[in-house]
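Shared between the two complexes below is chain A, which has chain B as its partner in the first and chain C in the second.
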Partner chain A sequence: MEEKKIKFFEQKNWIKENLSYYKDSGSWAWIYHRISGIALLLYIFMHIWSLSPLTSGKEAFEHKMAMYSTPVFSVIEWLLFAIVLFHSLNGIRIVLVDWADGARYHKKLYKLTWIVGIVLFLAMGFVMFSHEIFKLFR
Partner chain B sequence: MYKYKASKETGAKSWVFQRITGLALVVFMIGHYILMHYQPESGKTYEAVLYRMQFSWYRIIDLTFVTLGIYHGFNGLWGIFRDYDMKPWLKITIISIILIAGLAFLVWGYNIIFSIPYIN
Partner chain C sequence: MKVTLSILRYDPEKDIKPVRKDYTIEAEPTDRILDCLDKVKWQHDGSLAYRRSCSHGICGSDAMMINGKNQLACQILVQDFKKKYIKIDPLPGLPIIKDLIVDMTGFFQKYDIVKPYLISKDLPPPKERLQSQEERALIDEAVNCILCGACTASCPSLWTNENYIGPAALLKAYRFIYDSRDGADNERLDIIDTQDGLWRCHTIFNCVEVCPKEINITWHLSQLKKKCALREF
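This part shows the complex of A and B:
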């Protein structure tokens, strides 16, 4: 019998290795979870930084908050919610895979992640911008 | 032949904690979003923050939230590094940076919460 050569992950060419690897839904979930996780860690830094004027009282805080009350910033906030949603829902999927035999239905869960995610994303958009939306039809 | 060079820690505990803190964060996050976006301006003024912070139970919730978030975030970051083969000195360096940054972060967050005065 011919001896099969086992291919190991070549860490030095990790970009090429990762790109050439065939990706099923689980791989994409893994990649998005990682990217969204890093993004959220950066966001939590920004979040604490943006709240830090609270230590200097009302004026400093409200001056800072005025910067975050623009429409452009609201849209960015909404996009942030998309990242939070994906990381939360896919996180629940991971827990189910680990603890509730989810390996048997993880692909369905991945689809569900996107369906529930998009519905909640649009719902949040409505909650955040309902006043603006109503103004359009007045 | 196979000798542990850096740590005997397998990571099993941090794996369990990552899942528990993750689930807890989902619950906290739902509350946080309702509080912040139920109304367009809800909870974003200084008065609103000051009002909430008069309740010690609210401060405890906030402190727990920031602790869990930072733990989950930095443990997750370490989880990414752990996927790669590293020399022990590099592992120790990265762990040290993550620990120090995480603790600094935590102190920063706590300091903000504690700096908000109680008014009678």
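This part shows the complex of A and C:
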């Protein structure tokens, strides 16, 4: 009979373990990359679902689209852009790590990911909301 | 000063699962964690089990998880921690034999898989196998590995897939693949270019953070990834 092996980290507790273990920039990048990847996967299904009224005519589709043009949805779209941004910029970081000796400067790359990401995020916010904000002060 | 060590104890003959026990000892700020463990074993509880051999960071037998990070107990001092409550656990992801001693059989089986020895296709030269300085520089870092297992046990890929070869074995593969005297590059690449091999590395850099010899393991794996990918063309 094979004895049951006791491990300090058991496979079934992987979330708890990953959270309890020491983390540096590399592990955070990995965790955020996974989470944003799953979020984007869910978004794709939602996107397809939201386009489904196309099959029941122009009016049903336009009614649905009106729902998506509210300010609340604009903010949600802006957050979606943040997720896309992190996932794509970190994806470039991973390509550099694997193909351009990025493993030697991965921490700098991680910081750069955040800096470029935040700048582009704010720029997109300006593009999306500047019209509304200017309207408020007119 | 007073230091409290919180050690994960497990005796397979008595305990069903590991339990945490606290020991408060008197220690100098310059004492190593290994010295503290010695004090616990010699003065408080003789039943504590852990590996130690050279105690100078060369043999790599005392790798353990200290405050949630894999480290060599002989390389880290009490003064390195702000809080004087230090958690000590066995290496994660490996079966516990007793207390802080883990079963390294799987680790060394994976090490054997990559053929960690010279395979030369030429006849032995009369004197020695010469290597230029440039050729040697390629493996300068990789030869420093002391096989403590800290990297492999720190890898989240390994925690969820125990068949993953792990960074230590892959680093050894690099060491021989990039050795100018070795002639079995493709043989080794075939072994690591598999599902549970090289491609389970998700560049998390946990191995690089914990390596007591400061080897940038992920960089070496990225070189192997390049070699494997370029082989396809």
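Throughout what follows, the second predicted complex is superposed on the first by the 129 of 138 C-alpha atoms of A that agree within 3 Å, B and C clash if a C-alpha of one lies under 4 Å from a C-alpha of the other, contacts with A are read in each partner's own complex, and residues count from 1 in each chain.
Following the convention adopted for this analysis, a contact is a pair of C-beta atoms (placed from the backbone, for glycine too) under 8 Å apart; a residue touches a chain by one contact, two chains touch by 3 or more.
The shown structure was predicted, so the numbers you read here are calculated from the model rather than taken from an experiment.
Undergrad: Between chain B (first) and chain C (second), which does A:His106 come into contact with in this model arrangement: first, second, both, or neither?
TA: Touch status of A:His106: second partner only.
Undergrad: Does the superposition put A:Met128 against chain B (first), chain C (second), both, or neither?
TA: A:Met128: touches chain B, not chain C.
Undergrad: Going by the contact rule set out at the top, does A:Ser88 touch chain B (first), chain C (second), both, or neither?
TA: After superposing on A, A:Ser88 lies in contact with chain B but is clear of chain C.
Undergrad: Tell me the contact category for A:Ala39 with respect to chain B and chain C: first, second, both or neither.
TA: neither
Undergrad: Check whether A:Asp98 is in contact with chain B, with chain C, with both or with neither, and answer first, second, both or neither.
TA: After superposition on chain A, A:Asp98 lies in contact with both partners, chain B and chain C.
Undergrad: Regarding the shared-chain residue A:Leu54, is it in contact with chain B (first), chain C (second), both, or neither?
TA: In the superposition, A:Leu54 touches chain B alone.
Undergrad: With the two complexes superposed on chain A, say which partner A:Leu80 touches: chain B (first), chain C (second), both, or neither.
TA: neither
Undergrad: In the three-chain superposition, say which chain, chain B or chain C, touches more residues of chain A.
TA: Of chain B and chain C, more residues of chain A lie in contact with B.
Undergrad: Would you mind listing the overlap between the chain B footprint and the chain C footprint on chain A?
TA: Common interface on chain A, chain B vs chain C: 11, 14, 94, 98-99.
Undergrad: In their complex, what parts of chain A are in touch with chain B?
TA: Within the complex, chain A touches chain B at residues 11, 14, 34, 37-38, 40-41, 44-45, 48, 51-52, 54-55, 57-58, 61-62, 65, 68-69, 81, 84, 88, 91-92, 94-95, 98-99, 124, 127-128, 131.
Undergrad: List the residues on chain C that touch chain A in their complex, please.
TA: 8, 10, 12, 17-18, 65, 67-69, 89-96, 102-103, 154, 156, 159-160, 162, 202-206, 208-210, 216, 218-219, 221-222, 225-226
Undergrad: Which part of chain A faces chain C closely enough to touch in the complex?
TA: 5-9, 11, 14, 17-18, 20-22, 24-27, 30, 94, 97-99, 101-104, 106
Undergrad: Taking the touch rule as given, give the residues of chain B at its contact with chain A in the complex, in rising order.
TA: Against chain A, chain B makes touches at 19, 22-23, 25-26, 29, 33, 37-38, 40, 44-46, 49, 66, 69-70, 73-74, 76-77, 80, 84-85, 105, 108-109, 111-112, 115-116.
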